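These notes open a run of structures that come right after.
Two complexes, one shared chain (chain A), two partners (chain B, chain C).
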Partner chain A sequence: MEQAQSAPMPRLLANPRWKAVAETVAIPVIALVTAAIVFSGFLLFLGKNPLQFFALVWQGGFGSAFSLQNTLQRAAPLILTGLAFAIPAIIGLTMIGAEGALVLGGFAAAALAVPLVAAGSPPMLMLVLTAGMAMCTGAALIMIVGWLRHGRQVNETIASLLLTYIAIATMNFFVEGLLRDPASANKPSTVPIGKDYMIGPIPGTEVHWGFAAGLVLAVLLWLLMSRTTFGFAARVTGGNPRAAQAQGLPVGMLILACSAISGACAGLAGFYEVTAIHGQANASLVAGFGFTGILVSFLARHNPLAIVIVAILFGAIEASGGLIQRRMDLPDATAAVLQGLIFVILLASETLQGRIALFQPASDKRA
Partner chain B sequence: MSPDEILTVLIAMLGGAIRVSTPFMFVALGETITEKSGRINLGLEGNLVLGAMLAYAISYHTGQPWLGVLAAGGAGMFLGLLHGLICSLPRVNDIAVGIAMMSFGIGIAFFFGKPYIQPSAPRLEGLPLGTWSDNPALRQALEINPLFFVGIVVAIFLWWGLANTRTGLIVRMTGDSEASARALGVNPIRVRVLATVAGGFLAGVGGAFLSLSYPGSWNEGLSSGQGLMAVALVIFARWNPLRCIAAALLFGAAGAIGPALQSVGISQGYYFFNAAPYILTLFIMIASARSGAASQAAPGELSIVK
Partner chain C sequence: MTLAVAKTAARAIGLECRGMTKIFGSLVALDDVSITVKPGAFHALLGENGAGKSTLVKCIMGFYQPTRGQLLVNGAEARIDTPAAARDAGIGMVYQHFTLVPCLTVAENMVISRGDLPAVIDWKAEKAALAAFMERMPFRVPLEAPVANLAAGEKQKLEILKQLYLDQRFLILDEPTSVLTPAEADEILGLVRDMAARGDITVLMITHKFREVTAFADSVSVLRRGLYVGGGAVSDMTTDQMSRLMIGETKVRKSAARLADVVSDTKVELNALYVDDSDGMPAVEALDLKIAGGEIVGIAGVSGNGQSELVEAISGQRPLKDGRIFINGRPFDATRKDYDTFKVFGLPEEPLKNATVRRMSVAENIAFRSFDKPPMAGLGWWLRPSEMRRKATDLIASYRVKTPSPDTPIENLSGGNVQRAVLARELSGDVRVLVVANPCFGLDFASVAEIRAQIIDQRNKGAAVLLVSEDLDEVLELSDRIAVMSGGRITYVVPAAEADRNTIGKHMAGHA
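Coming up: the complex of A and B.
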């Protein structure tokens, strides 16, 4: 303790609250820098110029209006699947079923769209109904997991993984059978919803509305989890479920509500994949967004606002893939290697939490 | 369906189950070792894909497919070591690290695998065990890859070794109770890292089967998630290596139903069967979640059963 007081300390860090914030920001930044250094070594080993690489990531991700829009477009599903992991994580559950909720939600939206389009429903009504359908389907899937967890003590991680595979098989069952569009020869798909019914871009941009939805939901869920009684109860339950139960908190209802929010977010991501990108449901929905969302949420420490930032960062790395491929003669998987490396190092950096003396409250110094 | 067609479907399913089950068996056995030590590795999909790529590349360059199998195992060990070491750091979440290792392994495999999508490498030859039969379909079904038998031998060895050797006892004890392992002077971290490395080796070998036997070439869509499914398989097999064989055959047969039915002209409706093993696993989990016998089979230190 004497040491902490005698050490010259930046004035800003004198406040314990600021110390916590500084630690939350500093550790990911340290990890990002480490990942960049390791990746530079990898590029040097291959005889490529790391500086050129990072300049191209910047240029391809944020350098022009076109690349920025590309970045935001790719960030949209990651924000939603990141939120889908973060909300259950706050209440202490590791649910990895966002991939399944996305696929089943997207499929349900496409399936409902077919009769609505055939009946000539107004596009707006069709979009509202299918969005609701996607969110309810995703929510129902993850609520099964929440119910199994709370009611029957079935591990939620494995249950959600199993339900993901069941969800994908369910979509395949219908897409290859009952709901298959006879015109889709090579890639079995549902009947396309048609150009008139697809969601256009946000006016003045080429970014689809999924990004705006992700942004709004992130803010709303941040408010919900940090500024309301519900969020407080959820955080207490996440910290110590038994204490929460003993305090009379409705743990079961909280878990079901968080599961529903999670599934609805992932289902909404599926809705935008169908109505803004593919126009129909098929195997393209199984793109791994659900699993990347898990990592996005971890890197953001399950903070809904930080998820937006991390998702945009990873959207930029993906968006710059093409440019890097053309200019540096590197395979398009380069972005995937960099992403994987960042994920691994950032997760390892969690261990620094509480270990950097500069960021610890003076009264709470641990060995 | 006529009796002849039913026979055709059954034979095609038998052959398909044996082919499809081999990578399942290796990843499941690998995951069993790791989970027996009290840790879960969700990243075996990365080992599988990187193993497949490296096995193909080495076989292409050296003309020796078995050297490719070894290299795949080595790549798997490397990823397993990385996973094991990172998860040994305090406050690190093993499930998230597994998923990160999966994307890292797949990224590396795609990065270095681009040049090997076109060329064709020497494959692992199957053993013609059906020469006694006149039925060409049965002969084809019984052309079984030696790796299938290697997998069975490994399973039997693991089943025996976990129950009867000192090493097996140490692994099981570390998985059941970290405190008692420490009390006996065992370093649980070292045991878990080694168990993850061994599990990674087997998963890498499973990947070699994908690229060198069936489907038998390297491309980016080679694995359909077998590595992630390993986790479900191990629960289905209740952490018993012998039951891993049965579980792998069952999961393999479920995957083989589609192509088998296609051979007699039925081309839809079978996707339900692909989901069947997962539905079954889920029911097993629900049924065993609170039963005493089942919780004895599960390693006590495993994060997914706590």
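Coming up: the complex of A and C.
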């Protein structure tokens, strides 16, 4: 029976390891293709040509050196917020507070930058200090969630969502009051850090350093989660918390550590938003990167390396937004419709796990 | 009463399965099974876990559609494709676990079990009807009592009454005694048998306890690996024959001999332990127990008397509210460090659920105890997957774990093989203290014998073993000393040699 089953299968899929990998890749791809088909129906309903849409996404995302750089620029925060969701997800927690950690981290960096710039600190020192500040602030915020989860059995998803609103309100409170730059008339902001203190692009490109930081962190975190004892313990905890406890693993410490990593990643994204894009903290920080990161991480199945690829894909969709708006006369929200479709269909297709016969190991359950 | 019985007499239903086959994908769960249950019979369905008992019953109840085969009710072919159709045909089932709403009264539970409730319930009329119904029954449960206040035996009676109230005259009982004390079990099965003998009902009981079959059933069918392998009148069969039918030709490991004078300096002391359950109610109170090396102390008790909370507290899955555990006089906390220092290991119940990570590979699961120590960890934190696989390959061979490869996710293994992988992880080193909870739950005979032999082996090597089991026979077979747990306390301790089933049963029920 086993032979009859495995004969028509590609040779590669004979190894259970490769089967698992193939399944991991196939499910998000199926979701993406399905979402594209459903979205095409939506476009046809609007009387637009779907093929033109996807051609424009390609053109606006990867078509030229300019659009590619635009894409990578937009991918940078998504890599970091994607990682911010993925690391707690590996330990079994659904933390959606990256938006809050990004906003509060970016705000803390901008707030610390003001006195440093006023005191004439060297730019490098100021950047290192504010980056540290942003990461610590983000980490602290998500660690509150981790502690509530482990110490008080509070649902981490709700806690992180509510803390996000508190984080945004906190930034608004200071930006509109104590730390408001009097010169920012229409849009309350902190005092700009100034051109000399801002992070320039990676030499030879227009992409800011946040993209490089995201790449490096993705590789480091992939190594941490898949090649170290810390990552192993985290995966055991995520897969079965009761088994982890019975093995005496320090579940509470692991949760706090993963929360800290998550918050630090999101806080770092906020740091780059402030020091590379806006130059100050204001409502523009609340751009939804934290929430799109959830989608990125899910599509990448919480694999840090895959997050880079998916973040670039989403960067392209966002980068092509302007082009699509102009050429196809579609509203700005079109990209949000596509993202939402992808997310819902992806969550639904997670249930395909273990149901596609091709990817199942030859069963010997009866034996 | 005589009159009432006469009124409902001879209403039992007969049932016949012909050539029932159920195939799931490549798995043949039920292969051409034919069983006849005559009206008024008490028929036992025997078989190991995975033999196809529950698949057969689910086909009868309309939860599954058989791939092939016929069902005859009172000799006429019946199509039962939904549970509702089964109810209309008069077939009812009492599940292994209670399906009652604890915060409602007995009367309310019975009324809501009806499928045809009107939007507004006339409680006065309903209660009068229920009282009249109870009058006709050979056993009763107080109608106004909240279900939460009932003892397990009363709840089980209520489950049966509920089916009779719904006018189900063919009762399927799925391991009905697993939550009862031996005395409660005997009482309830006796009542059900009497009703069947009077021709009021027909009973089909799923079980794996021979004692219940020989004491109560009049006919029996045995399933093995989806096949009908034998059966007939219980009076014509010995327990030995039934057991051979159930197990087949599988070689069962002989229980290891219990060595007489094991020398060991291990001493475990549970000192005034207090543990709360998940609702914050006290589950274990002032529990004291000493276990010496080379000794198996078995804790017997009816499910839900604090045993699982006790095991969880010792295994670090639940905080100790008060009290302390001492090993060799030194305090023990459920941390990885202390597990290693004192060489404490554990075999939890349902290992796939409690001791493994489903989607991680067999090799990774086997490495849970050693992944953070050399040689698997370099520099203290760098994993060496090749070492992990090498160690796993050795253990897979020596513990005869059947797996396509060490890289296969452990969830693809059968229950017995998962258990063997966990045994390999927990018992392959130097074990000083072993905590075992319902180790044989859901396993086939060969695996059960294997595990019991391994536990005795560890005892003979000087380990102090704490065995918590809801299966009294298991406790009696394995233990050197038996402790009974009731209401969160140890109420009775007796050396195995002096143990007496009835006395233990009384203490389990909490009145002694």
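The rule we apply is simple: the second predicted complex is superposed on the first by the 357 of 367 C-alpha atoms of A that agree within 3 Å, B and C clash if a C-alpha of one lies under 4 Å from a C-alpha of the other, contacts with A are read in each partner's own complex, and residues count from 1 in each chain.
The working rule: a contact is a pair of C-beta atoms (placed from the backbone, for glycine too) under 8 Å apart; a residue touches a chain by one contact, two chains touch by 3 or more.
Keep in mind that this is a model prediction, so the values were computed, not measured.
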> Just from the overlay, do chain B and chain C fit on chain A, or is there a clash?
Replying inline: fit
>> Output check: A:228 vs chain B and chain C. Expected answer is one of first, second, both, neither. What do you get?
In response: second
> chain B or chain C: which reaches more residues on chain A?
Replying inline: B
>> Just checking: does A:64 make contact with chain B only, chain C only, both, or neither of them? Give me first, second, both or neither.
In response: neither
>> Tell me the contact category for A:242 with respect to chain B and chain C: first, second, both or neither.
In response: second
> Looking at the overlay, does A:173 come into contact with chain B only (first), chain C only (second), both, or neither?
Replying inline: first
>> Is A:250 touching anything from chain B or chain C once the two structures are fitted on A? First, second, both or neither.
In response: second
>> Quick check for you: in the superposed arrangement, does A:291 touch first (chain B), second (chain C), both or neither?
In response: first
>> Is A:52 touching anything from chain B or chain C once the two structures are fitted on A? First, second, both or neither.
In response: neither
> On the overlay, how many Å separate the closest CA atoms of chain B and chain C?
Replying inline: 6
> Which chain A residues contact chain B in one complex and chain C in the other?
Replying inline: none
> In the complex of these two chains, what residues of chain A are touching chain C?
Replying inline: 1, 5, 15-17, 20, 227-233, 235-236, 239-240, 242-243, 245-250, 357, 361-367
>> With touch defined as at the start, can you tell me which chain A residues reach chain B in the complex?
In response: 94, 96, 148, 152-155, 157-159, 161-163, 165-166, 169-170, 172-173, 176-177, 180, 291-292, 294-295, 298, 331, 333-334, 336-341, 343-344, 347-348, 350-351, 353-354
> In their complex, what parts of chain B are in touch with chain A?
Replying inline: 82, 86, 89-93, 95-97, 99-108, 110-111, 113-114, 225, 228-229, 231-232, 235, 267-269, 271-272, 274-275, 278-279, 281-282, 285-286, 289-290, 304-305
>> So in the complex, the part of chain C that touches chain A is made up of which residues?
In response: 25-28, 225, 315-317, 334-339, 346, 348, 353-360, 364, 367-369, 371-372, 377, 380-383, 402, 404-405, 407-409, 412-414
